[in-house]
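Below: one structure, written as structure tokens.
Chain lettering (A, B, C, D, E, F, G and H) follows the sequence in which the chains are written, and residue indices restart at 1 in each chain.
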Amino acid sequence: MELLVYLAGQIHDDWREQLRKKAEERGLPIIFKGPQEDHDRSDAIGELIKGKQPNAVYRDHAASELNNLRTRIWMQKADVVIALFGEKYRQWNTAMDAAMAIQMGKPLILVRPESLHHPLKELSQRAQVTVETVDQALDALAYVLE
Amino acid sequence: MELLVYLAGQIHDDWREQLRKKAEERGLPIIFKGPQEDHDRSDAIGELIKGKQPNAVYRDHAASELNNLRTRIWMQKADVVIALFGEKYRQWNTAMDAAMAIQMGKPLILVRPESLHHPLKELSQRAQVTVETVDQALDALAYVLE
Amino acid sequence: MELLVYLAGQIHDDWREQLRKKAEERGLPIIFKGPQEDHDRSDAIGELIKGKQPNAVYRDHAASELNNLRTRIWMQKADVVIALFGEKYRQWNTAMDAAMAIQMGKPLILVRPESLHHPLKELSQRAQVTVETVDQALDALAYVLE
Amino acid sequence: MELLVYLAGQIHDDWREQLRKKAEERGLPIIFKGPQEDHDRSDAIGELIKGKQPNAVYRDHAASELNNLRTRIWMQKADVVIALFGEKYRQWNTAMDAAMAIQMGKPLILVRPESLHHPLKELSQRAQVTVETVDQALDALAYVLE
Amino acid sequence: MELLVYLAGQIHDDWREQLRKKAEERGLPIIFKGPQEDHDRSDAIGELIKGKQPNAVYRDHAASELNNLRTRIWMQKADVVIALFGEKYRQWNTAMDAAMAIQMGKPLILVRPESLHHPLKELSQRAQVTVETVDQALDALAYVLE
Amino acid sequence: MELLVYLAGQIHDDWREQLRKKAEERGLPIIFKGPQEDHDRSDAIGELIKGKQPNAVYRDHAASELNNLRTRIWMQKADVVIALFGEKYRQWNTAMDAAMAIQMGKPLILVRPESLHHPLKELSQRAQVTVETVDQALDALAYVLE
Amino acid sequence: MELLVYLAGQIHDDWREQLRKKAEERGLPIIFKGPQEDHDRSDAIGELIKGKQPNAVYRDHAASELNNLRTRIWMQKADVVIALFGEKYRQWNTAMDAAMAIQMGKPLILVRPESLHHPLKELSQRAQVTVETVDQALDALAYVLE
Amino acid sequence: MELLVYLAGQIHDDWREQLRKKAEERGLPIIFKGPQEDHDRSDAIGELIKGKQPNAVYRDHAASELNNLRTRIWMQKADVVIALFGEKYRQWNTAMDAAMAIQMGKPLILVRPESLHHPLKELSQRAQVTVETVDQALDALAYVLE
């Protein structure tokens, strides 16, 4: 029986691709979904589809319509959500996705370096699991599938 | 008919108190609730109630049990949630509360300086109203009560 | 025991005011809520609160943030929704509010002239009650309160 | 992973068929469902199944029982709803389906010519995505599936 | 703290009035609501409000619009539902109200003579409490309020 | 795309078997589920599995545990519920299943002879479709699948 | 603004009465509800209301109908649930109430001596707050009300 | 059509394995899921994945994060939950899982020796089926699948 896992978090490196590869190597029956990982495309998608917007705020608004469409569809189908926080960026999207998962009753695996324990303490307390690395998150999924 | 409004956001100045005063001056029948506004008390409350914890991570975890208790109770009773973002701090709690409100079906009024429009674009697109000042949020509530 | 009734529909005449008066004359313990009834204010409210928008589409978008805030708050508190359709205007807001009420599990009283039975047939079939006049809708509420 | 998309909107031309063909050409794994597209059959289906009704209002009521049965079943299974508005007709069914989708928590893609932005402003503000052409709606789905 | 109790069941004698009186004598803080108790009025209410219908089936349909409006409003507000079955009549309304209460998560007190245990066995098994007399149902409520 | 249809109603003749055969002949992709159709087994199943019960009431209670287990599992998976009423028997189980379906948001097709329109009027008004024969119910499903 | 708190747990001493008194002394606006605290009455209530049952299992079953009626009504109205575990008794009722509260989305305060941390670890991890004494639970409520 | 059944209860013998074998022998299309059955691994999994914890309480807390992750995922996918109670151990996890199933609307089959009828009476009254042996639980599932 396959699990569908949504991968929330930054899109500045290839952590999702590495996770997919490791899951495959371990033979885990997991389908991973996530946001658009091409950062420029993610920012531009609103104008690419809806056309030129009058200013930067509305350019962002248009992009968010599409990015949220994608997130909502895959998160509604997901069995579990992994949310990865790092040292850089504000990552409010990640916090939003993580909190949505909690409120939807989907188990959340929060991944954050220990250095972020203070600002993420309330989110961590409501997550189902808090770990420090993506590999630990994969260990958690493997445990479910044992 | 009174409205109950939950005020999510930073606890480093007295914006909630000012909002309460202005609502009263305008005669608006609104009850405001929010998190613990004494920052030190908010961080210490876990150990104050549960006793000494073995390290900083678990000190934070204990505090979050109490802070989330408070947040969940008042947000479940709220008719509307206002979430205020500022230039400083990571404010992941604010993002969490804002996203929870959206997923609970509670209308969210997002307050953020225009300078933050890019990192908050997905949250803003799912909020019911996005404004730039707390006074505008109060105008929005006043409009509901006209 | 009071009922809270949301009055969806056009805002071009004073049908809500007349309904309030008749309910009062009959001594019915009903609180009526509804959208902003000043049409110009309803269209302008976005720019009044959020400031000048770059074009007509975004002016409308801003106004809708506030109008939907109001509608959502009162509809979530309502026990019953009355939706009035007339011969004029497209009234897509009215259809939206009526359908929202159905999906929220709130009983809907649909008021429409018989001449509109064909285009409103699917909405009528899912309404709890379909009548032709606002007075009949009030009779229905009175029957609940007998 | 396939998506199931419900296509709400007028049934006076073959826009659904064209959309199906384009999705196929682009290799998108989408199953489209929608209302009965034969307009006469849609109006007559009540009497065809339930027998002669006493007047036009009840003829319509009977047809709506069947049309709503169909709509409810496919919308409950849908991952996304596309609602197309055009210049002609009152299209209250389309508004009903669009609002139902929003309230069910299904992402809504609203398609409308820019000329209709004013009467559809409240619906547009609550949709997940608003575009002007069916092709843009397909672009949005393709973005989800990238 | 008051309880609101909905009284489903036949409307051919004054069992509700007697229950109200006994609750009052015992000083129980209970508000009782129920269907229209005037049987002729209950059957006629559709035509009284909506006007003459083309035949007996639609006369009944019209009456049910109003009767169901009343039932839905009070049952949604109720803390508990009592459903009384007797030897006479088909009482499908009573069964409907009882099952609705169960599915809404409202505790159901089923009252039926022991002679009906066989045809009501599945409903009884899903009720919260099954008793044989209305007085026993009142005892159950009194126990909650001790 | 297959539909799962739950068939509520009496178990005294083979109407379900006939319906299955007709659906197959028409090539409709429908899976039918329903209660235990062997009446004696349905009544005895409690004691068959749980052992001898102390009296007839508890024998029925035990049987209902099993019958309700079956009904709940298949109804939760069903896309549509058909409930058949006939002239004979009290059929409170059928009314229970029908009302459960309505409250669960599953479309209900009510089948009843016209002669029963009066006692079933409130249930009929809340059903999605009311017809007089099982064949008409199958026509309705076929219409959904066109 | 008052809070309604349900007190789950053993009924062998007067811990609820003491908690009520302390809350009053601290001026906390809390209404406490809970199960029947007279143990013999709790066990006997089924036969007291429903009459003699055929054996001990059914005597218990009858009592549970009434005890669960009471628990469900007050827990559905509660803002918070406190569940107290002690060294003695199996306390499966307490575990049931605690888990129900979690699944209903009601914040749970779990009170247990540290000695029980191992057998209660999964319940504790899903509770909102875990403390060791009833006084600490009251401190938690006081913190919410500050 | 396959059923997914979650097996809650003690992990000190191989009752799940035996149940799987018997279901297979009877040709029942059932997939069984359950908690980690290796008791030591279940207790150690927190530190195995998250690393050394500061004391026994937090070691247990960490393990519970993972065990609850597993339980939540499979229970959310389950059609039915079987909960087995025995004479030994406190089994608060079993009670938690059983109560969660009830509140999630999943049918619960409670298995307990008759000797435990008193302490489990409230849980039993809310279960869908109560039996005394795992074989009887399998009989119940077989009855659903007839």
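Just so it is clear, contacts are C-beta pairs under 8 Å (C-beta built on N, C-alpha and C of every residue); 3 or more make two chains touch, one makes a residue touch a chain.
Because the structure is a prediction, the values reported are computed rather than measured.
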### Task
State the smallest step count from chain A to chain D, taking one step as a move to a touching chain.
1
### Query
When the centre of a chain is set as the mean of its C-alpha atoms, what distance in Å lies between chain D and chain E?
39
## Note on the structure
Cα centre of chain B to Cα centre of chain G, whole Å, reads 31
### Task
Going through chain G residue by residue, note those that touch at least 2 other chains and give them in order.
65, 68
## Note on the structure
Pairs of chains in contact here are A-B, A-C, A-D, A-H, B-C, B-G, B-H, C-D, C-E, D-E, D-F, E-F, E-G, F-G, F-H, G-H
### Message
Using the touch definition from the top, list the residues of chain B that touch chain G in their complex.
### Response
4, 31, 33, 36, 45, 48-50, 65-66, 68-70, 72-74, 76-77
### Task
Please give the residue numbers of chain C that touch chain D in the complex, ascending.
56-57, 60-61, 63-65, 67-68, 71, 89-93, 95-100, 102-104, 114, 117-126
### Query
Of all residues in chain E, which touch chain G in the complex?
1, 3, 79-80, 105, 107, 109, 128-132, 136, 139-140, 143-144, 146
### Query
In the complex of these two chains, what residues of chain F are touching chain G?
54-55, 58
